[in-house]
Amino acid sequence: MSSSQLIRVAVAGASGYAGGEALRLLAAHPFVEIGTLTAHSSAGSSLGEVQPHLRGLAHRILEPTTPDTLGGHDVVLLGLPHGASGQVAAQLPDDVLVIDLGADHRLESASDWEQFYGSTHAGTWPYGMPELIHAPTPGEAATDLATAARQRDKLPGARRIAVPGCNVTAVTLGLQPGVAAGVVEATDIVAVLANGYSGAGKALKPHLLASEALGSAQPYGVGGTHRHIPEIQQNLRAAGAPEVTISFTPTLVPMARGILATATAPLAKGADPEQVRAAWEAAYADEPFVHLLPEGQWPSTAMTLGANTALVQVAVDAAARRVVTVTAIDNLVKGTAGAAVQSMNLALGLRETAGLITEGVAP
Amino acid sequence: MSSSQLIRVAVAGASGYAGGEALRLLAAHPFVEIGTLTAHSSAGSSLGEVQPHLRGLAHRILEPTTPDTLGGHDVVLLGLPHGASGQVAAQLPDDVLVIDLGADHRLESASDWEQFYGSTHAGTWPYGMPELIHAPTPGEAATDLATAARQRDKLPGARRIAVPGCNVTAVTLGLQPGVAAGVVEATDIVAVLANGYSGAGKALKPHLLASEALGSAQPYGVGGTHRHIPEIQQNLRAAGAPEVTISFTPTLVPMARGILATATAPLAKGADPEQVRAAWEAAYADEPFVHLLPEGQWPSTAMTLGANTALVQVAVDAAARRVVTVTAIDNLVKGTAGAAVQSMNLALGLRETAGLITEGVAP
Amino acid sequence: MSSSQLIRVAVAGASGYAGGEALRLLAAHPFVEIGTLTAHSSAGSSLGEVQPHLRGLAHRILEPTTPDTLGGHDVVLLGLPHGASGQVAAQLPDDVLVIDLGADHRLESASDWEQFYGSTHAGTWPYGMPELIHAPTPGEAATDLATAARQRDKLPGARRIAVPGCNVTAVTLGLQPGVAAGVVEATDIVAVLANGYSGAGKALKPHLLASEALGSAQPYGVGGTHRHIPEIQQNLRAAGAPEVTISFTPTLVPMARGILATATAPLAKGADPEQVRAAWEAAYADEPFVHLLPEGQWPSTAMTLGANTALVQVAVDAAARRVVTVTAIDNLVKGTAGAAVQSMNLALGLRETAGLITEGVAP
Amino acid sequence: MSSSQLIRVAVAGASGYAGGEALRLLAAHPFVEIGTLTAHSSAGSSLGEVQPHLRGLAHRILEPTTPDTLGGHDVVLLGLPHGASGQVAAQLPDDVLVIDLGADHRLESASDWEQFYGSTHAGTWPYGMPELIHAPTPGEAATDLATAARQRDKLPGARRIAVPGCNVTAVTLGLQPGVAAGVVEATDIVAVLANGYSGAGKALKPHLLASEALGSAQPYGVGGTHRHIPEIQQNLRAAGAPEVTISFTPTLVPMARGILATATAPLAKGADPEQVRAAWEAAYADEPFVHLLPEGQWPSTAMTLGANTALVQVAVDAAARRVVTVTAIDNLVKGTAGAAVQSMNLALGLRETAGLITEGVAP
């Protein structure tokens, strides 16, 4: 596609954090023309009133979210509350690429959806995590991670894409090489995450106030209740785990963005600790956005701020018989809007990296 | 002891974070008179130059750390680098209460010390965690946690006390009720902590700079290398675990103080999930400084800022077959200087809570 | 008053930040018994649900704010929204000490009130800033600051007290020595403040969300609109300025608490720069809570966290012909609840410093 | 210049914050090829060891800073300590574009340099602030700001450029429209800034530790001593002020990046408050990177994070007879490395905006 044939992209939910970040990335995308922006309660306002950091789009007026306002685009990104995207998508033509930044279409299992979200399942869309490894045979480890099938193979031509959850992305990218290579057991994963506040969205809730957040750390969704659990299980089963059990605890820490996911899994019986690292090296050697750091260097979230990068490190704790992984991402980029753009690129046959950067804004 | 007979306390290492916090607490202690303050490179300066927040002591001059300057006190608190406290203590009379805020005298096993610290073990002192449960029979669960033996029973009359590590305190207090009651297995503990930067001390290291810390989260001591691991194991064995295996990962997050420890352990075979909470309730019903929060309320570190409080919550993740605990403390108070004062009170026969508060500085 | 005759204090608005901080201080006050706690929308909840850091009061139930619930106390502290305290106070007996943490009764000028608050003035109560200097003759500089009249002289026996605004406290304490001594001109003051978010209260507003606050600084109330302006003018006129003109700009910065006020005023014509410092030294030499730092040492807000201390520094910028002052306080302590307790002590004839500390929680 | 003829750029001091930020921007520049990277104590290391967020350059090896290693480039950026750049530049050919990110070549007055830096002046280079207004006649206001001469007119063809100081950029951009239009007096400017810590560089100093910074605000360089003062004066004289007097106080607040500059100046005698805003509108109507926000909307630093944008707002405080401006920039972008790239573009005849973005990374 030449730059003279720009892709016209609409963003529904442009007043939210996910929608705003999508616009920030799309504004720098060489092959994109930004079309209609829609919102709910902010419809009628200029974008500059609600997203003043998006200078080039400040004068754009937010429209209501309707089939009419979203019509006439090549791509529609949906940054909507849970439960709203299915209905909007149903009103858009089949040949429009619709990318859901929300949770509605991520899960394959309707019963998982109902258990964790308490509503009717909206259906399953192709999953927007290009790096996800697919085991050659369900429940079996891969022989060669470098050549294993990936989710990216399924995205070209897709016209509906569900972007993964941000926590899910961090935990999946951290652990999948070991699962796919059979060097870790997925039946007793423990993941604890340090999360920036933007992951909670713009909702006005007391525990999201700056006064409560500054100088403090607090957990949420503890004890097996977090909605990202079934999605992690789904991913690691795809990567070859016969069964996945995970204890998952996110904790809010005083930063606006970023996820630092510490995810551990038991070393598989018979696995050679000396060869664990090789699985991660093979899995990510050629990935443009997922990087295994040099041995001994650990990721920080600042290294990924504003970038579509996931930084991963792995160590074997021989005494604890566990493999420990730490993964850093920007929850709004690789965890949301960057994954959307990356998947859009693949769906439309563009270069996968178009409009995306790997350099974080640090310090 | 009447308030007219004040206890005279010296603080060695008064220019550091641990020493400064000890002074902040001692300045509010009704039965204490603050004696000599010593320092190394800051000797000769006024305390106000290095600890300007300690207003009432600003004009005190820091002395060098010698037997002479530390002589003539009832209590000497040592806030010294690893390896320095043994020598200083050896030069002080046996009837002076010496409290080591550092690591030198915490471990019972010389080989653990040598493995994790790489130097000769300085010996073991009575351990300054009054709430630590002692199993009636080694390796066996207690029948009644509310009446179980505690470390506080061993402190009256003690003249050498080793204050626990801050991370150790958080993880131990979080998990010991389940270990002591036999409702969790200690053989596959996973603990991940969100840590404030003051835990790293005043050392001038690049990763401790504000520019690197602000807006970021970063792990350290990953993969079984952290020096607090053997101390946690020692504590949980005391509480009744036949064997303790732990995967332990601290992460620095952008706050000056506080530890939020997420510590999980497998539900013991045969344990009734409905009865897990009862162990924590029994263990902490009468503790002045360790509080189990009401069901459903999770701790934050701000709730404990500046206070000697540990706030604990526990949940059973039935699907993951794990018990999840979250514990919040102020690393410099309950994690260091508050534990020292609490232990001092017990050693000297004072009310255990003298000079200590439970109200955190929040928001 | 002996400690066996405890003062019974009720707190109205106990669920807010000001009310919560008052409770934190009162819980440590040796002569106080905490009585009824009231709230509006949280009435019926336990205090532990809304102020979980106040451990010793967690089981207290919040009552509605009525003359009945507030009856039978020696002191009633009002932490209520603007406009609510006058009515509540009117229903309380005249011999009960009522302390208003809000703005309603601070201003002497009804027209100032109407201009800045847009409602009817509720009246003027004795002003709770004990350190405020009173010029011997209106509009004239004092001859000897150390012996000048202070507001504390007016508080013994008072039964209605208006606690100053937090920004007002910082700016007034910073500049009043120079005004009172006649070494600065008050006709062109410029004050810019770095403010922690708790000053904005618990209101759920988008710009107070953690995501918006973290990593950012933003001004508010710019251009002469902030309601604290007439109160600063009133104070500096009391200190001896014939006329006060001030440009006042607060800026929210990512901290939960604290005000760092940079306040400058032109050097008075004929004033000797060498003698400026002497005015500040004289003004604060004997103040228990307001400290001039040694020359060259500048205050930080962390030095005052949780303490009733104001730290002040002053310098003369000869080239700019201005005196520059920087003052640090904890907005919830010296800026609100600490000033209330200090004034209560004076009103009731207690030691002024009872229940208050000067040591900040740092780092 | 076509993209097939890439500009080859070397960066000296690539291990520092300024050098690292220059690399982050250059890596996204469509017409640039990054050449040699040099460092001092880190020479021999890979860039990934010291700047791990710069993923695409992680394998580059840092060279020592010598004429040899810096030879053969079209552009050399110097991110060196004060005093080092003059010597390096002298060894580079005259036709190489040398851009100094440091202070050495900013000031025109050797005596100003000597007074504030205490060393010999290295000389003056063309000044890299394209938006700086030049008064048609020295000391006189412009008649039409929209068509006034700018510093950008002097940059095409330049081969030595001095990038402005970050604080200087914020204060100058905030006030120059009013100075140039004659609606403010420059003889009594007061500027107070909230500064992120990266402005202090990577130096290991106690007050720059995270523990000291988190939850606190602290001033520095108070009372007329800050080295940026003469540079602000130089700029505002260029803009038309006959004389410039400024009280300047920066304050460190807990953020990694960003400057929020509150700069006020007296309303000029005879100026019509209603017409003040018109000066700012005229000055910045066509500027790609300096934006006057809509009336009533105030800038925050987060709006500019990672972007080359300066956001300005202005208000008239009629009671205080002062014009108040607030300006937000990212100190490392518009305040340093972005200004360098923007000036480089102009010097080489490229589009001024090439490789630079206006969208901030928010929230």
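When the chains are written out, they are named A, B, C and D in that same order, and each has its own residue count from 1.
In this text, a residue touches a chain if its C-beta (ideal position, glycine included) is under 8 Å from a C-beta of that chain, and two chains touch if they have at least 3 such contacts.
In UniProt terms the chains read A, B, C, D = N-acetyl-gamma-glutamyl-phosphate reductase.
Just so it is clear, the model here is predicted, and its values are computed rather than measured.
J.: Farthest chain from subunit D, comparing Cα centres?
T.: Looking at centroid distances, B is the chain farthest away.
J.: Across the interfaces B-D and A-D, which one involves more C-beta pairs in contact?
T.: Comparing B-D with A-D, the pair joined by more C-beta contacts is A-D.
J.: Could you work out how far the Cα centre of subunit C sits from that of subunit D, in whole Å?
T.: One centre to the other, that is 38 Å.
J.: For subunit A versus subunit D, what separation do you get between their C-alpha means, in angstrom?
T.: 36
J.: With chain centres taken as the means of their Cα atoms, state the distance from subunit B to subunit D in Å.
T.: Those two chain centres are 47 Å apart.
J.: Give me the residues of subunit A that touch two or more other chains.
T.: In subunit A, 17, 197-198, 209, 211-212, 214-216, 254-257, 299-300, 302-303, 305, 362-363 touch at least two other chains.
J.: In the complex formed with subunit A, which residues of subunit C make contact?
T.: Interface residues on the subunit C side: 17, 196-198, 200, 202, 204-206, 208-216, 254-256.
J.: Which subunit C residues qualify as touching subunit D in the complex?
T.: The touching residues are 188, 190, 192, 194, 209, 211-212, 214-220, 222-224, 229, 245-249, 251, 253-258, 260, 262, 264, 266, 298-303, 305, 313, 315-322, 324, 326, 328, 362-363.
J.: Can you list the residues on subunit C that touch subunit B in the complex?
T.: Contacts found on subunit C: 17, 20, 24, 27-28, 48-49, 51-56, 197-198, 214-215, 256-257, 291, 293-294, 297, 299-300, 302-307, 309, 311, 357-363.
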